[in-house]
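Across the two complexes that follow, chain A remains constant while its partner is chain B and subsequently chain C.
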Partner chain A sequence: MSRLGAVVVIAAAIFAVVLPFFLKPFGLYLISMWAVLTVAAIGLNLTLGYAGQVSLAQGAFVGIGAYTVGLLLPIGVPFPIAFVAAGLLCFVVGWILGYPALRVQHHYLAFVTLAFNTLVFLVLRNEEWLTGGTYGINGTPRPTLLGWSTNKPLDFYFLCLGAMVVLAAATWWMLRSPWGRAFVALRENPIRALSLGLDTRRYTLMAFAIGSSLGGLSGALYAPLVQFIEPNSFALGMSFNLLLMVIVGGGGYFFGPFLGALVAVLLPEWMRVTQDYYLMVYAALIMVMMAFCPSGLLGLVDRVGRRLRSGEQGPAAAAFEPQSTPP
Partner chain B sequence: MSAVLEVSNLRKSFGGIAAVDGVSFDVREGEILGIIGPNGSGKSTLFNCVLGQLQPTEGEVRVDGRVTTGMRPCDLNRLGVSRTFQLLQVFPQLSVRDNLILAGQEHQGSMASRLFGRADAGLGDAADRMIAFFRLQHLASTQAGSLSYGQQKLLDAAMAFMAGPRLVLLDEPAGGVNLTMLGALRERLQAYHSERKATFVVIEHQMEFVMALCTRVLVLAEGRIIAEGDPQSVRSNPKVIEAYLGH
Partner chain C sequence: MASFFQLLVSGLATGAIYALIAVGFTLVWQTSQTINFAQGEFVMLPAFFILAAMNAGAPFWLACLIGIVLSVVILGLLFKFIIVDPMLKYGVLPLVISTIALSLFLKEGAKDFYSSQAQPFPSLVPATDFHVFGIVVSLQSLVVLAAATATVVALHVLLTKTRLGRSMQATAQNPTLARILGIDVNRMVLYTFLINGALVAIASILISPIYLAKFTNGETLGIAAFLAAIIGGFNQVRGAILGGVILGVLDNLSAAYISAQYRGAFPLIILIVVILFRPQGLLGRIEERTV
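Showing the complex of A and B:
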């Protein structure tokens, strides 16, 4: 990371810690939602942005995680155990969902994952005995950890922020290890990767499983944040929104999901000044953004930075440049 | 010397057409074997069958006496068999150094140990040595996608050697490379061969390159071996001339 990048990250970290003290409950809710959805977007960025495996099912994993916590907390399971259980369950389900990726790629894989999302939605809606059906699950409590109650919005925000930082740091560790290089190889040239000894099957499954697990952990925070979960929250709209976060922020860039989630969570709220037209304005802004920077905001920053430094062209093959070889 | 690679009666058909039709040959330790032939003679299909990219219809492949027919390319690579492809196959988003580390990292410990081990998998020095060997020092931190075609060819070849393979199969390493870079590539391959006593199989159209590099040459036409021998005798073989010139 460049010195300027480090300064921006430190400034953002200070801002994330100081800002909430000046916010009202709704503002705290929004930035908590940002932290929670950033975790899910980091997971999708791993699966899609780094490993190049298209997934339209991340919303379903947020749902599985949310329902796991929503069902376990009322029966007295401590939050840390429920949190880990949500991650583990999604790891296993994500691993299984990875198998189709061994056979199909790109838009075919997108449809497989999309079907999975729909399947999860139908289970959440129809299996009333377990999930409460369309009535959902009400009043998921916010946890008390080592005597620290997170019931107040400010406390819960710091729980979400802490979880996000820890999970992001763990992901960063993994991406800087040989695994990160292997995921990029999987995205850029799986045939060559295979010929260099990479077990592409295992790495593909691992990319799905870990990405899904982060979705589940995000869901485990989502349930106590909103305190009412129902199937529609985890339908395709959530998956598309998470995909938007990854692409707007910059797929394959570590900080892309942070920025993308910020845009996707906060921009619609800022657009409310346009009253009834806010979603239309939001959609138009996103379309303009994608038309002018298809590699996302960080892709744009990267390209501009390179041109300023050396006059060279942008990254040779940013994963989301439309003219590049499909990942 | 013992045979590193043994190919017995290999056949690969696509529908009713046999792209490789009963090919048998051995590659001895330390040898540089050239495989030449006109376009469509089955050279790349033969490579892909030997290297597990394609499942042969019939026949057997052995590496160091062990049957490897149909083995996955990643498993073959871990047995010490490495390759380059006809079309460039580097990882454009990774730096030259990371491309080389990637080419060797799966030979270092288990998958789990690589997660918790060093970021460079302990291959940083080896990558730097390989970069120096292929004279790419000034490009070590450059993204591979930003290199010229010839430099990418050098990197591609360097990647094939990164894990210290016993056998390297090079598929048209000189294809599309300008004369200056071609000389550099040949010289580096010869240097690597004499330094490490590595065994090479080279598919190539560029006859001068093959004649200068290889110690023995096989000629394929229509999926069959039509001639075999030292470069000079193959060059003057009437069957080879006919296959190339078509009369």
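Showing the complex of A and C:
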């Protein structure tokens, strides 16, 4: 299975590099959006899938990152510095939010983060002197790195793809370290983890802050990609959408966010054949999917794979049962 | 001072509607652990049922009746059997995603099948104002307040004074024990869904003349319901009522006296303070954690 998995990943990687040469600008925009949102979803997967905390504030972190870059680039800060600043700022804000918020868990945390998301939205909308209010910020320039101008859609796609691969690899490495394995322990059984001497609160806080920071880095790419940022893009809808990506792809599976983001970006576009009803059809498909494979698409693959291999019935309710070791 | 009382009365009226929505939300949460992220859309939708019935020629009172019945059947019965029941065994999270998708589905449905424009909605009473001791109070606020209070009182009597209501409370507090005591737990859970269906329809009738019937209404109302439920106490019906009233009054007063731009922020700040210092809510009980 793992060899098959590797083949699939390599095939997907080749596809991700070759495909864009055959796409029109809108197609390139969509797959760039996929790469950008995947970064945010990886961050949320860290918080949700690994550390087991439901956050509805990831959209706000994407927003904070996007506005950081949108505000820093015009005053002459080079892109790499603005990019890192967006990540750091979100790390700090995530830490400050998480410190009190993680006293409470589960659905309460969901609501605290929901409140935080709305507060960020209000600040973005009301502080016109800084953020431009509802008019937002227009025309964030695409960066030129070491003489490579990413102004064309194809070039910018490769920048997004590169950033995604680097950040995903960093996350992968972190999750394989002893330190990252503690995150999984937190999700599986927090009280047991505590009794084994893990400082659960600090690890949860770390997972939350790193997840938020990935949200900020995603936002740092979002601003130059869309070239128009306004508060509504980062309201609750964005957070719900990111949550949906993680769950649909498979929470707690490393490659879940990649798949989930692909579904969430492309499915509504394909559904356009159903004309005005496309969002309804999309919502209905999500509900059907949740009813039949709540552990997400990768959970389904896992279940089918296990059944094929063992030749017997898979666990009755494979349910929301992410695997305990990364694939 | 006069304007303070006016704001207070209209705040109480909105707060009473929030309380209705929050009570339904809490009931469903208590008995089935369903965090219904579509509760706001549940309030948005019945107004469109009613408008559709009126377009078909029904008088307003009949249309309201049809709206409530449709709401109980669709948002109560069908919601439970089609969405909640198949997913309950998977735990809270997939169901949360499903209700988020449902809220999108209902919102788009109202937009595509009715209208994307705000629709005027008939008011229960003519727009008259009373003048009492220099205070202007609109008849509409009073009627809304009275109707919402009557509904909440009726529900409270049902829950505390009747055998049925006490069985429902027992189900909410400890389903296993309730089953041992011979209560038909599944039926009680179903009843809470039906009650929620009726409550959101009543809330819809009361609030739509003020907000107009619009497919986006659910966004603010749903959040108001969460906030009210959590501020008051997630596991107490009384808490949801208190939370709703606090929220309505606070919203009005803070908009008038502190900052209209940040009116949305004050309830959120209160929410965060409450969760941090009294996570069980103002009137809630502490739930023991299990290993």
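Everything that follows uses one rule, which is that the second predicted complex is superposed on the first by the 307 of 327 C-alpha atoms of A that agree within 3 Å, B and C clash if a C-alpha of one lies under 4 Å from a C-alpha of the other, contacts with A are read in each partner's own complex, and residues count from 1 in each chain.
Everything below uses one rule, namely that contacts are C-beta pairs under 8 Å (C-beta built on N, C-alpha and C of every residue); 3 or more make two chains touch, one makes a residue touch a chain.
Source: prediction; values computed, not measured.
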Contacts of A:Ile286 with chain B and chain C, given as first, second, both or neither: second
Contacts of A:Ile191 with chain B and chain C, given as first, second, both or neither: both
Touching partner for A:Leu119 - first (chain B), second (chain C), both, neither: second
Chain B versus chain C as contact partner of A:Ile64, first or second or both or neither: neither
Contacts of A:Ala82 with chain B and chain C, given as first, second, both or neither: neither
Superposition-derived comparison: chain B or chain C, residues of chain A touched: C
Which of chain B and chain C A:Leu225 touches, first, second, both or neither: neither
First (chain B), second (chain C), both or neither touched by A:Met174: first
Those residues of chain A which chain B touches in one complex and chain C touches in the other: 191, 317, 319
Residues on chain A engaged by chain B in the complex (per definition of touch): 174, 176-179, 181-182, 184-185, 188-189, 191-200, 202, 252, 312-313, 315-319
Complex contacts: residues of chain C adjacent to chain A: 35, 83, 86-87, 89-98, 100-102, 104-105, 108-109, 112, 219, 223, 226-227, 230, 234, 261-262, 264-265, 268-269, 271-272, 275-276, 279, 291
Complex contacts: residues of chain B adjacent to chain A: 51, 53, 72-74, 77-78, 82-83, 85, 89-94, 98, 101-103, 105-108, 111, 114-117, 119, 121, 143-146, 159, 163
Chain C-touching residues of chain A, taken from the complex the two chains share: 54, 100-101, 103-104, 106-108, 110-112, 114-116, 118-119, 122, 126, 191, 236, 240, 243-244, 247-248, 251, 276-277, 279-280, 282-284, 286-287, 290-291, 294, 317, 319-320
